[in-house]
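The two complexes that follow have subunit A in common; it is paired with subunit B in the first and with subunit C in the second.
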Partner chain A sequence: MADVVAVSAWWTPLAAALLGVFVWGAAAFDGALTAGSRGMGPGGSLTRPLDGVARLLRQRRIVTLSADRLLWRVGGAGLLVAALLMVAVTPLGRWTLSDLDVGVVWFNAMDVAVWAFVWLAGWGANSVHPLVGGYRFLALALGYELPLMFALTAPPIAAHSLNVGAIAGAQGHVWNIVWMPVAFVVYCIGVLGFSLWGGFGAPLASDIAGGVRAELSGVDRLLLDAGRLALLVAGAAFAVPMFLGGGVGPLLPAWAWTLAKTAVLVAALVWAGRRMPVLRPDLLLEVGWLVLLPAALLQDLVVALVAVWVR
Partner chain B sequence: MGLTSFLARRATRAARVLVVASPDAFAVRVAAERQVVARGWRLAESPADADVLLHVGRVLGEMGEVAGRLWDELPGPRARVAAEIVAAVPAALDEAAALLLDESLQTADAAGRTPPDVGAAEDDKGMRDGDMGHGDMGDGDMDMDMTMSPDGIALASGSEDDRDGLEMDALPVRLGPVLPHWPAGLVVDATLHGDVIAEASARWVGSGGGSPAADDTRLAARACDDLAALLSLAGRGDLANASTAARDALVDGRDADALRFLGTLRRRIVGSRLLRWTLRRTAVLDADRVRRIGLPPAAAGDCYDRLLTLVDRAEDQAAVTPGAAGPALTLDSLGQALLGLDLGAARLLVASLGTPAGEVVTVHG
Partner chain C sequence: MSILVDIVFWVLGGLAIASAVMVFVVDSMARATYALAVSFVAVGFMVLLLSQNYAGVITVLMMLMEMAIMAVYMVMFMGMNPALMPMSMVHSNKAAIAVAAATFVVLGGGALLVPWPTRRGTPPAHLTAALGRALMGDHMLVMIVFSPVMVATIVGGVVLASHRGRYDRMGDDLDRRPPRDPAPGGVGER
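And now, the complex of A and B:
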């Protein structure tokens, strides 16, 4: 069933550029929603993210006293790298950069690497607010990561494969989201979690002066902000082969359907994140372990039973 | 040259402003915040995030020293401007934009900056181009008689009553006087165990000893501002913007609009189950404790109760002109109320109590 072709690594810059375009779009959409909540029109929303990039490129980077610079910068830049590595195993229609047999595990490994990156970015500044932001992220991650892992397990069980292309191909006309709605919702919560978006923004919240990014300026801040949105986009893009039927759709070619589905999901995640209040870690742990985790496990059980019955 | 000035022009359109406000300059601060938003600029969350340092009202004494330290932490290109009265705000921001665009001035400013005053000098070939203190919001005089202080920063110490018995887990941290969604000029000197507040004492800086009520701007507008701060901290920026719109309407004397905004806002707040869930059981003060530490009776309950109280207060004061002041709140009781809370809950508690007023009293937990 795996009808995905691995393309040459020379296409990587194109994939990165595509990711960049989506990040820009997500930032513009978020800006337009902010303008809307202030009673202003969406005019200029498309160029405003570029102004922000120009500002950060022009701004000097500052260094705190006794900062652990290496780890600080590794953490700040790591989010963008993790997002790119997620995209590397995500097929665009029929093409993929890397047709790994264990693509789902690879994706999961990247989202766990985010733990380290956010913590290092908080730790490295040697300053109290970023450090508290780092604590908060680890506590939140404890709450969302296990449910996310089990949600990621459902589509591979159904497809009898950890290969992302095979999972997309196994769906046919009934998308996974139809009979794995719980796994899909838990997955989306996990995506908001590892991109620190919406209710998962406590590590970057204004009550601790920006938290992890309180001491970041210039290009360091740009990398962290872009990395966070890139993770949101990569998470949405990965949901397309996992839950939304991959490139399946009428009229348009497979790659166009993949992009369209990704765009819709990114917009939905950006919108939903803005409607969520900040989740304090203690609250999320309660929900994550008492509600989301059992729900994801039950979903896996149902999927496993169906998979055994059918084949 | 062309590219540099193009970049500078685009960058200046997205400038971020760190406001250092004197506590008695509510009207000027509101005007400044509105102007910043109207220009498509944004308020900065920390000095590292800021291009412009804006003094609002008369920034004097200790507040002036804090402003000086914050100025050292702006990465640059940077501009420092002041507006003492409402009418001076547009000109101050125009000046800031002009300063940010002045290439030669910014280059000279960058060249003239000195590396940080490091105790154990660590030469990095001039790569340090900022002067950042430990902690970003003005760390005061930390206890320096420690045996080890790398780079002149004292290590955290231990504490007898640390709940988990960790060594080096009592960290003195100063919250305020400049912090997003925090009463301007309020300073809380706290000792943190992890991120839990073990000791706290509150005081005012920057307003010649007076309380914030010295400013006679309408109390209803203040109540809306307090409400916006709490909603922002709770993560609902969209609802906070609605509250800010009500505040601005009150400042402009459009009371009917403000009441309409507040009515809609109340429905949206009550309708959000997630918001209720995150604020319920947060920073609970039972009636007994409220009485014992001397808070007004309306402070009893959790952050969600106090959120609804703030909405009521804003609506009552907007309907009756001029309304009654919010209940007086002493700094002594504020310090006591913070004990045992983590930083996030403490910030929500301070915002949910509304703008406090009172005199300096130190409390030890």
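And now, the complex of A and C:
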């Protein structure tokens, strides 16, 4: 089943550039929604992220007293790296950078790497509020990660494969989202979680003076914020082969459908995140383990029964 | 190609050993923990080179998660000064060195001296699937019996260790609303 072909590693810069374009688009959309909520028009939304980038690039770096710079920088820049490594196993239509046979597990490993990076970004500053933010993220992560893992399990059970291309190819005309809606919702909650977006912004909240971001300035802050949006985009892009039928669609070629579906899901996640209240980590832990985890397990059971009996 | 794989193998091996040494050299709990994480991740990628993709990626996943949590516990349990200041990562040096050297000699000597069996036949195409069948096929009954026992052990352990169960939260008849929690909120709150 040659669903996808692995292209040469020389295409990696193009994939990174595409990720960058989506991050820019997501930031512009978020800015337009902010402008709309303040009664202003969306004018200038497309250029505003670039203004922000220019401003941060010219800003002087703040360095705190006896900061652990190595860990701090690794943590801040790591989110972007993790997002790119997620994209590496996500097929664009028929092409993929790496046709890894355990692509789903790879994606999962990268979203766990975010645990380490956010905590390091909080720890490295040697400052109270970022430290509290880092710990808050780990508490949130304990709440969303296990449901996310079991939501990621459903499509591979149905496709009998952990290969992302095979999962996309196994869907045919019935997309996975149709009969795995619970897994899809739990997955999207997980994506918001590892992007620290919307209701999962407690590690960056204003009650702890910006948390992990409190001491970040200039290019370091740019990397962290771009990394968060890149994780959101990578999570949305990965949902396309997993739940949204991959490149399937009328008229347009597969790559165009993949990009279009990704764009719609990114916009939906950006919008949904803005509508959520900020979740308290201890509260999310209870909801995650008592509601989301059993729901995801039941979804897996249904998928497993169908996969065994129908085939 | 095989030279490239060799180079990557040795680089990863060197990285694994070097960062493992750094665990005892650095003076910060966070650095020690994440040096150990780097060492484990390098080993995970070496397993990938052995074409055991699932085992390799799962090693990376588990070790990153484990070290992220372990950093919290390391900092938490490190005495009055909660590991926020520089501190030595070693104690009981002489005994530790003796134990480490003895363990290395026993394991290394064992690896060198044991007569390793030579391969008979050829490996099947899907090694992981074949291994799964070999483990689960004839022993399915054992697995089926053991799984509930293991789950019961885990649940029992949690129940015994739990400081506060649902009867503490909601009273003897489970009818206290809202439950008595140290922090309000969550499921079951009215």
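A few comments on the model shown:
Quick note on the criterion: the second predicted complex is superposed on the first by the 309 of 311 C-alpha atoms of A that agree within 3 Å, B and C clash if a C-alpha of one lies under 4 Å from a C-alpha of the other, contacts with A are read in each partner's own complex, and residues count from 1 in each chain.
The rule is short, and it goes like this: contacts are C-beta pairs under 8 Å (C-beta built on N, C-alpha and C of every residue); 3 or more make two chains touch, one makes a residue touch a chain.
If you're wondering where the values come from, they're calculated on a predicted model, not measured in any experiment.
Look at A:71: by the touch rule set out above, it reaches subunit C but stays clear of subunit B. Legend: residue contacts after superposition of the two complexes on their common chain; A:274 is shown touching subunit B, with no touch to subunit C.
Of the two partner chains, neither subunit B nor subunit C is touched by A:222. Of the two partner chains, subunit B and subunit C are each touched by A:135. In the superposition on chain A, A:240 makes contact with neither subunit B nor subunit C. Contacts of A:105 after superposition on the shared chain: subunit C is touched, whereas subunit B is not. In the superposition on chain A, contact of A:120 is made with subunit C only, not with subunit B. Of the two partner chains placed by superposition, subunit B and subunit C are both touched by A:283.
Ranking subunit B and subunit C by residues of subunit A touched puts B first.
By the touch criterion defined above, A:39 lies against subunit B but remains apart from subunit C after alignment on the C-alpha atoms of chain A. Shared contact residues of subunit A, touching subunit B in one structure and subunit C in the other: 126, 135, 280, 283. By the touch criterion given at the top, residues 33-34, 37-39, 44, 48, 50-52, 54-55, 57-66, 126-129, 132, 135-136, 198-199, 201-202, 205-210, 213-218, 221, 274-280, 283 of subunit A touch subunit B in their complex. Interface residues of subunit A facing subunit C in the complex, by the touch rule stated above, are 68, 70-71, 100-102, 105-106, 108-109, 112-113, 115-116, 119-120, 123-124, 126, 135, 138, 141, 145, 162, 280, 282-283, 285-287, 290-291.
Across the interface of their complex, subunit A is touched by residues 7-8, 10-16, 37, 40, 45-46, 48-49, 51, 73, 75-77, 110, 116, 118, 127-130, 132-137, 150-153, 171, 173, 179-181, 192, 194-195, 232-238, 241-242, 244-245, 272, 274-275, 277-279, 282, 343-345, 347-348 of subunit B.
Across the complex, subunit A is touched by residues 28, 30-31, 34, 37, 53-54, 57-58, 60-61, 64-65, 67-69, 71-72, 84, 183, 185-187 of subunit C.
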